[in-house]
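Next come two complexes, and both contain chain A; in the first it sits with chain B, in the second with chain C.
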Partner chain A sequence: MKSLIGVYDLFNRQTNAYEDASLFEGIDEKNLQDFETHWIPLFHEAKPDEITRETILAANMEDAGWEWRKVESDIRDKKLLYEIFALECAGITQGLMLVNKLYSGKHPEHEGEYLIYVELVATAPWNRDRLVPSPVYSGVGRTLISTAISLSIDEEFKGRIGLHSLLGAETFYTNIGMTDLGKDEKKNGLRYFEMTEESATAFLKG
Partner chain B sequence: MKMHISRDKLRRDIRQDVGLDTDAGIPIQDTGMLKLFVDSKDTRVGEKILQTETVELKHAFGTLIRQLRRERGLNIETLAAKLTIQVEELRAIEHDPNLDPRPRTIHKLAQFFKLPALELMKLSGVAETHDHSFSDQALKFAASSDDLSSLSKKERAILHAFVKFLSSQK
Partner chain C sequence: MNIKRTMTLNLSASEMEALEVLSEHKGLSKTALVKQALRLFQSIDGRIESGEKVFFENPKTKEKAELMVL
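Let's turn to the complex of A and B:
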C-alpha cells in the first residue's frame, strides 16, 4: 500500500526554483506506468549505438534494465524484508528506491550489525547529467537516501545503511560521509559504501 | 515511517548535489535474495499447496527452535531475554505456524544457535523455497519430533542431523 510520508523539495535547475515533492512509502500503478511510459523511452532514446558495458556506464544507463514492475510484484508479500519508496514532483515519478531491511554491515565500526541495504536507487533519466543535455531536478538521490537513513533509525539500526554505487555516483556517496569499502567483484565490480552511525548523525543534523 | 531530517536542512543540502549522479544498486537479475522468491509460473502450480507447505515448514521451524532451546536448558523467558525479543513473540514462533516472524528475530535466532540465517528464513516462510529436498528434510524432522519435556537420545540425534543439514545448505 502506498502512503505519503511527507512533502519535501526538489531543486529545478531550469527555473532555479524549489518545487514541492511528495515522498511515498510503497508504490502504485501510477509509479510503474511512469517508469514504463516516461523513463524507458528516454533510456531508449539515449541508448548508445554500440551496447557494451563501457558505453552503458558512460551514458549513465546501467540501471535501465531494472524491472520495477517485477520488483514490486516480487516483494509485495515480503514487506518484512523489503520496502519501496517513490518521490513524485510535477505529477510524475522522479525517483524510486528499493531497500532490504535485513543486511549485515561490513564496516569495522559496526561489522555484523544490521543495516538498511539500498538495493536500488534511481532518479528519472531527465534528471541525469550524462544522459540528457539539460537535466531538470536535483535532490532526488539525497531525499531518497535520507529516507533510507531515517528508516534505519526507525528499525533501530542507528542510521546505518549500505549500497553498491553505480559508476559515477561514488563522489556523491563520499561527499555525504559514507565509507568506501572498495570494489566488490561479486557485484559487477561496483564499489560498496556504508554509512556509520556517526556519519548518519552528521548527515541528518550537521 | 518518520523522516529524521528536517525539510529545511534537506532543502539546503540538495543544492550541493547539482550535477552529481546518485544512482546505486546492482542490476536486478544479480540480486540473489530476489531469486529466492516464487516466480509467477511457480505460483500457478497451486497456491493452496504452497500455503500448506509453508505452514508445515513453519511448524518445523517452531519445533527446531523449541528443541534447540530445550537442549540448552533454557526456558522461553530466558531465551527471549538473551535475544532481546518479546516472550510472546518467541512463544508464537515455537507454537503458531501462522505467524510471520520478523526477519530481525530470525537473524538473532540464527546468530544465537549458530545456524545460517538464510536457511532459517526459508524454514520460517519469510523467504520461499522450492527446493524439495529442503522441504522434505524439514518435514521429516518435524514429524520425528514430539514435545517431551526433555529430549530423548533419539530426538537429540534427529535434531543434530537436521541442524547439520541446515548448516550444509548454501
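Let's turn to the complex of A and C:
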C-alpha cells in the first residue's frame, strides 16, 4: 500500500525555485509506469555506443539495468523486511529507494548493531549531471537518504545506515559523512559505506 | 512510519528475562527487538518454505549445521 509520509523541497535548477515533492512509503503502478515510460527511454537515449564500465560511468547510468517492477514484485510478500519509497514532484516519479531492515553494521563504532541497509536508490535520469545537458531537480538523493536515516531512528537504530555504492556515487556518500569501509568482493567489488549515529545527527542538522 | 497497533504479550519469567537480556545486548527496546525477531523469523521461514536450507558455518572448521524451523 502506498501512503504519503511527507512533503519536502526539491530545487528546480532550471527555474531556480523550490518545488514541493511528495514522499511516499510504498510504490504503485503509477511509479512503475513512470519508470518504464519516462526513465527507461532516457536511459536508452543516453546509452553510449560502446558499452563498457567506463562509458556507463561517464554517462552516469550505472543503475540503468535495475528492474523496479521486478523489485516491487520480489518484495511484495516481504514487507516486514523491506520498504520501498517514491519521491514525486511535478506529477512524476523523481526518485526511488529500496531498504532492508534486517542488516547488521560493520563499522567499529557499531559493529553487529542493526542498521537500515539501502539496497537501491536512484534519481530520475533527467536530474543527473552528465546524463542530460541541463538537469532538472537537485536534492532527490539527499531526501531519500534522509528518509533512510529517519526510518533508522524510527526503528531505534539511531540513524545508522549502510549501502554499497555505485562507482559514480562514492564521492556523494563520502561528502555526506558516510565512512568508506572498503571494497566488498562479494558485491562485485563495490565499496561499502556506513553512516554512524554521530554522522547521521550531523547530516540531519544539515 | 506505519500506523502502530498495541498488543499484550504473556511471557514466562525466563522468556521475559531473555527478552530483557537480548534488548539490552542489541540496544533496542523490547518492542523493537520483537520486531527484528519477527523479521528474522519471516526471512528464514520464507526461505525454508521455498525449498532452501539455512546453515550455520563454523568459520574455523567449516563445519555446517542446518537450522531447523518448526
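Just so we're on the same page, the second predicted complex is superposed on the first by the 205 of 206 C-alpha atoms of A that agree within 3 Å, B and C clash if a C-alpha of one lies under 4 Å from a C-alpha of the other, contacts with A are read in each partner's own complex, and residues count from 1 in each chain.
Keep in mind that, in the parts below, a residue touches a chain if its C-beta (ideal position, glycine included) is under 8 Å from a C-beta of that chain, and two chains touch if they have at least 3 such contacts.
Note that the structure is predicted; figures quoted are calculated from it, not measured.
After superposition onto chain A, partners chain B and chain C are found to clash with each other.
With both structures placed on the common chain, the touch criterion links A:Tyr18 to chain B but leaves chain C unconnected. In the superposed pair of complexes, A:Glu62 makes contact with chain B only, with no contact to chain C. When the two structures are aligned on the shared chain, A:Leu151 is found in touch with chain B and with chain C. Judged by the touch definition given at the top, the superposed model places A:Leu166 against chain B, while chain C stays out of reach. Of the two partner chains placed by superposition, only chain B is touched by A:Leu204; chain C is not. Judged by the touch definition given at the top, the superposed model places A:Trp126 against neither chain B nor chain C.
Contact with both chain B and chain C is seen for A:Tyr114 once the two complexes are overlaid on the shared chain.
Touch counts on chain A: comparing chain C and chain B, the chain ahead is B.
Stretch 80-88 is the one among 8-16, 44-52, 80-88 or 152-160 where chain B clashes with chain C after the superposition on chain A. In the three-chain superposition model, chain A touches both chain B and chain C at residues 5, 25, 78, 80-81, 101-102, 114, 151, 154-155.
Taken in their complex, chain B has these residues touching chain A: 1-5, 7, 9-11, 13-31, 33-34, 37, 40, 100, 102-104, 107, 126-127. Residues of chain A touching chain C in their complex: 5, 25, 77-78, 80-81, 83, 101-102, 113-114, 151, 154-156, 158. Chain C meets chain A in the complex at residues 1-2, 26-29, 32, 35-36, 38-40, 42-43, 46. Residues 5-11, 13, 18, 23, 25, 60, 62-63, 65-67, 70-71, 73-75, 78, 80-81, 98, 100-102, 114, 118-123, 128-130, 135, 138-147, 149-151, 153-155, 159, 163-166, 168-169, 171-173, 175, 187-188, 190, 203-205 of chain A touch chain B in their complex.
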